[in-house]
Amino acid sequence: MKNQPDKYGHFGIFGGRYAAETLMPALIELQEAYKAAQKDKTFRKELSCYQQDYAGRETPLYFAARMTKALGGAKIYLKREDLNHTGSHKINNTLGQALLARRMGKKKVIAETGAGQHGVATATVAALFGMECRIFMGEEDIRRQAPNVFRMKILGAQVVPVSSGTATLKDAMNEAMRYWVSSVRDTFYIIGTTAGPHPYPQMVRNFQSVIGKETKKQIRKIAGRNPDVLVACVGGGSNAMGMFYPFRNEKDIAMYGVEAAGHGLNTSQHSASINAGKVGVLHGNKTYLLQDDHGQVRDAYSIAAGLDYPGVGPEHAYFHSIKRVNYVTVTDREAVAAFSFLSLQEGIIPALESAHALAYAMKIAPKMAKNKIIVICLSGRGDKDAQTIIEEKLL
Amino acid sequence: MSRISEKFHTLRAKKEKALIIYLTAGDPSLAVTKELILAMETAGADILEIGIPFSDPTADGPVIQAAAQRALKNGTTLAGILEMIGELRQVSQIPIVLFGYFNPIFAYGTKKFALAAQKDGVDGVLVVDLPPEEARELRQYSDAAGIDFISLIAPTTGSARERQIAAQTAGFIYYVSITGITGTAAPVIADIKIAVDRIEKITKLPVAVGFGIATPEQAREIGLLADGIVIGSAVVRMIDENRNNPELVKVVAGYVSKIKQALR
Amino acid sequence: MKNQPDKYGHFGIFGGRYAAETLMPALIELQEAYKAAQKDKTFRKELSCYQQDYAGRETPLYFAARMTKALGGAKIYLKREDLNHTGSHKINNTLGQALLARRMGKKKVIAETGAGQHGVATATVAALFGMECRIFMGEEDIRRQAPNVFRMKILGAQVVPVSSGTATLKDAMNEAMRYWVSSVRDTFYIIGTTAGPHPYPQMVRNFQSVIGKETKKQIRKIAGRNPDVLVACVGGGSNAMGMFYPFRNEKDIAMYGVEAAGHGLNTSQHSASINAGKVGVLHGNKTYLLQDDHGQVRDAYSIAAGLDYPGVGPEHAYFHSIKRVNYVTVTDREAVAAFSFLSLQEGIIPALESAHALAYAMKIAPKMAKNKIIVICLSGRGDKDAQTIIEEKLL
Amino acid sequence: MSRISEKFHTLRAKKEKALIIYLTAGDPSLAVTKELILAMETAGADILEIGIPFSDPTADGPVIQAAAQRALKNGTTLAGILEMIGELRQVSQIPIVLFGYFNPIFAYGTKKFALAAQKDGVDGVLVVDLPPEEARELRQYSDAAGIDFISLIAPTTGSARERQIAAQTAGFIYYVSITGITGTAAPVIADIKIAVDRIEKITKLPVAVGFGIATPEQAREIGLLADGIVIGSAVVRMIDENRNNPELVKVVAGYVSKIKQALR
């Protein structure tokens, strides 16, 4: 497979750098700083030290014996990103970007957040490196995700409520970009997923690729071979890309990116940008978007706040276009069932985001032979979701 | 020569500075937008920037964001805006720049857009999130249609990049006078002077300065430095504040003529 | 140092097996089953696999550079038990006991819980091994620790509200013992700390010793030598014992067990059993207890629900008696300050329990030379406490 | 021979079974406890178990838990209980067993306790959470003071351990008739018969059966199998239910005499 993206950040026809001129120089500077850091052994060493001693990597690749037995088909392995410091894969990326910010001499960082996982992961690395931190978060999400707001505040971050638009993730990202336009000289914007203008999608992908790289090593050690199937949920797409990318050239491996179908693709309440969106430009890149006929972006919906985004990383759009990855969907209801299933079968409460990946694996595993191997990216823990599930009597 | 270049030409001859007014199409309605344009032309506006409302205007401050939301609620579409301009052209030759974000244009279809814009009498286009690196997909059609592709230069741009942008721009160069979003800070004259002097050395194109200009005093001061000034949020705010005022058009026209006076 | 305990579970004059006759045979059976399991390679292997692939061990030993610098004295290392599955060291023990229960053919487990951490860790392993699970929890704690109650329910456990006494941990343990008396034939009681009748204190100590064993290996690799000081908080004492025990014979290492001084030792609002209690017998063992002159056990108090216990593991009482470990105290206020300090300095939100250990280390580190090494047991993460801290405006 | 052994001796001679009554000292007050004891003696109780209230009675069901809490709220202490028994001894020779958990005794001091208990006329002691393995620290003093150390045997005990316990017990053996806490389940006669038969084969000590006995019918049935029965929760509940009834003592005495009838 051709190496992507090109030097302007294009993955096929997707990606790119659709940004206001005020930001363009900063994006180019970032791209160059990142390229230099990539080549720098010290940087790579530093990052891998923090990943290990601080974030707790490598995360286990756990054979879910009871789940496998209950489903009666392929062997199921879980890549345990839920065990990372702060509770999800998000820290893989924020550690990388914060180290880069430090290298670039930036003392302030900003980020957008929806569920609050990326906000917490950013506030965390900001504290770790003594940086000032501002997190943009929709007012609606602040209400829904109070525990993560508390965590960010305790970590010393300023949580900036965003009331524009629908007061959710998309608007938080808009507001973060606006703030960045005003503060770009001394501020590093830590984007939380494989979205945004070039070089973000590439950079986030690379920082998250530790997931797939470890998985490859681990499964070969455990099973002596590659998995047959990879499954990961797709919000912006960072955990999925982190898992898929290192396996992209292994032609025999089937990959499933699971989008949130919310109340169903036949309703307007979902977040399935690839399955039900059209190509467009938002937040600096060209990709699949939920939008109306006039190019106005629609609100996304999912029970999993972290999937609640109307776009998707441009490299996923590309993988879809070349049919390398199958993008499928799972409804709220199916995700909640999978959430409960894993909790009861394995004593692991998954994030509702990750439950989408589990739900899809639960559909295909029973139809696969017992010697086949599925690896699911368990992108985060579900502590944050427990209250919703119980209080809304979803179980 | 395009209507835009012609306008700057005429103004230069008169030693006048161009007054460029931005307003969001469809706020409070496309009909009123049309009325406002005509009244502003009469009041002395030289060029109009017609904002295409977008759901996610990441370079705009609260005033223009809110205007876009109102316009979208009214059902304003790019097709409707083009149609309104087409009607306008029957009575006015004021240079018109369509100003907006790329997605509504992309969704409309870039080729279809260029042809329609040409037909309806659009003179220039300024797409906030379409830097030179990505511009080809629009310009391959809009250049051919004779529509000026106007670019922004920001305080952060840097001289090598300024040169590159200037070389690719048509119509005029829009110098963004603050490091920030629209309507959120007052420009600093001394900084603008340095930047505009530098830009003028690398291009023959007229340079207009915008973002944050609201008063006749600011207009005069900045007018002395550049070929034109752009006023946006101040007008959009005035439209919103007078939305229920039967004198809306008159109020806005009065403001425009006061600003224009400062530029003569 | 003589190996402790003796065959009746005595650590010096402490410990023992002060239990109702109905339970005695079960305790003896347990002791024998445990002894056999200890000798069984398969059991040890199995446990270590689950610790690694499921719980995420080994946990990092993290050099807290900014904290060290801010305090200006000894080098501070944090043993990151907060990164374990379920968020604290409790899983080390519940995995061990649940595997033992399975070996003994028990299909039902029970546990007491205060903060809910042990309850969650028990519900987790019960799900993992397909066992029926009942968690006894004081009504007052159910109210205070709602998120953990949600987690237990999602994991399929039945949470039994206990309204007797003060409706907190002590009463939950009373009630668990009562239930056990009635169900002892088919039910395994998973005690959550180094307390209870023999063989629990010894067994829990051994399951938790993985903390100290890893620490020893890690610090020797990092620094080429032993640490100078170990610090851990002491509720029932399991995380502290897990850290201290493997180092007990290394005479040069100073050890500090930190009890909760709550509102102050001069008030009745604290949990400092060793520092302010007297020897007595509760929950099956002889140890230091908070009690009145008539041997009635007093309520314990601490802002950290997990330290809120009027007794302490008997081996701690023993280590106190032979002066092997220094038992010191830290107030609520100091713990909250340390909670905030670590969050802001290192981006790690500690459990309020662990914050007691941090607070004590913060007192001594500045007075120590820069080449000295302190290892703090960071027993758990503070997500569970974030809400309390913010809502009660403690920061 | 202790008052306890003597009592069983006498009863055996009469072919009567011992009625052992448990009540929590200090509920509703020590004064009433004393009155109740005397009245129950008159009504036919053969031995009294005086419960020492404890904050954490892990072997007791809700009824006796609540009684202990009430007694503690009243300020009941072991010292006070001993004193009350001392007073009682001036008018009654009924065998008295102190029944409780170890900590209050340990806090009082085991040696001091043994001496005081002897002085105040306590005949036996049953410490729920002091199994033979841990009993030495009390028995080194209580045995010397001539106080019977009464042990429990449970359905779970197993025969080797039964033998061991029996060998170390004095006064009588208390067979716990259910696998559970006090007052929470009804005993199963068939199981009790098997157990008591087995225990009687290994010891000459009288065997009393307790936990869960409440009615004269149960008393008679179980009385046929053993040397005595213990009633606890039923009496404690009755005391609580009649706490404000001026006839309290009479009500309880009436119940006791009914039970005793069943055992004759």
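The letters A, B, C and D name the chains in turn, as written, and every chain counts its residues from 1.
Assume a residue touches a chain if its C-beta (ideal position, glycine included) is under 8 Å from a C-beta of that chain, and two chains touch if they have at least 3 such contacts.
Keep in mind the model is a prediction, meaning the values are calculated, not measured.
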**OP:** Please compute the C-alpha centroid of chain B, do the same for chain D, then give the distance between them in whole Å.
**Re:** 97
Subject >> Separation of chain B from chain C, taking each centre as the mean of its C-alpha atoms, in whole Å >> reply: 67
Original post:
How big is the gap, in whole Å, between where the Cα atoms of chain A centre and where those of chain B centre?
Top reply: 38
Subject >> Of all residues in chain D, the ones touching two or more other chains >> reply: none
**OP:** Return the residues of chain C touching two or more other chains; collapse runs of consecutive numbers into ranges.
**Re:** none
Original post:
Based on which chains are in contact, what kind of graph results: line, ring, star, complete or other?
Top reply: line
Original post:
Chain pairs in touch?
Top reply: A-B, A-C, C-D
Subject >> Of chain C, residues touching chain D in the complex >> reply: 8, 16-26, 164-165, 170-171, 174, 177-178, 181-182, 184-185, 278-284, 286, 289, 291, 293-297
Original post:
Residues of chain D touching chain C in their complex?
Top reply: 54-62, 65, 69, 72, 77-79, 101-108, 128-131, 133-134, 151-158, 161, 165, 176, 179-181, 184-185
Subject >> In the complex with chain C, residue positions of chain A that touch it >> reply: 52-54, 56, 59-63, 66, 80, 82-85, 87, 123-128, 130, 146-147, 150-151, 153-156, 339-340, 343-349, 382-383, 386-387, 389-390, 395
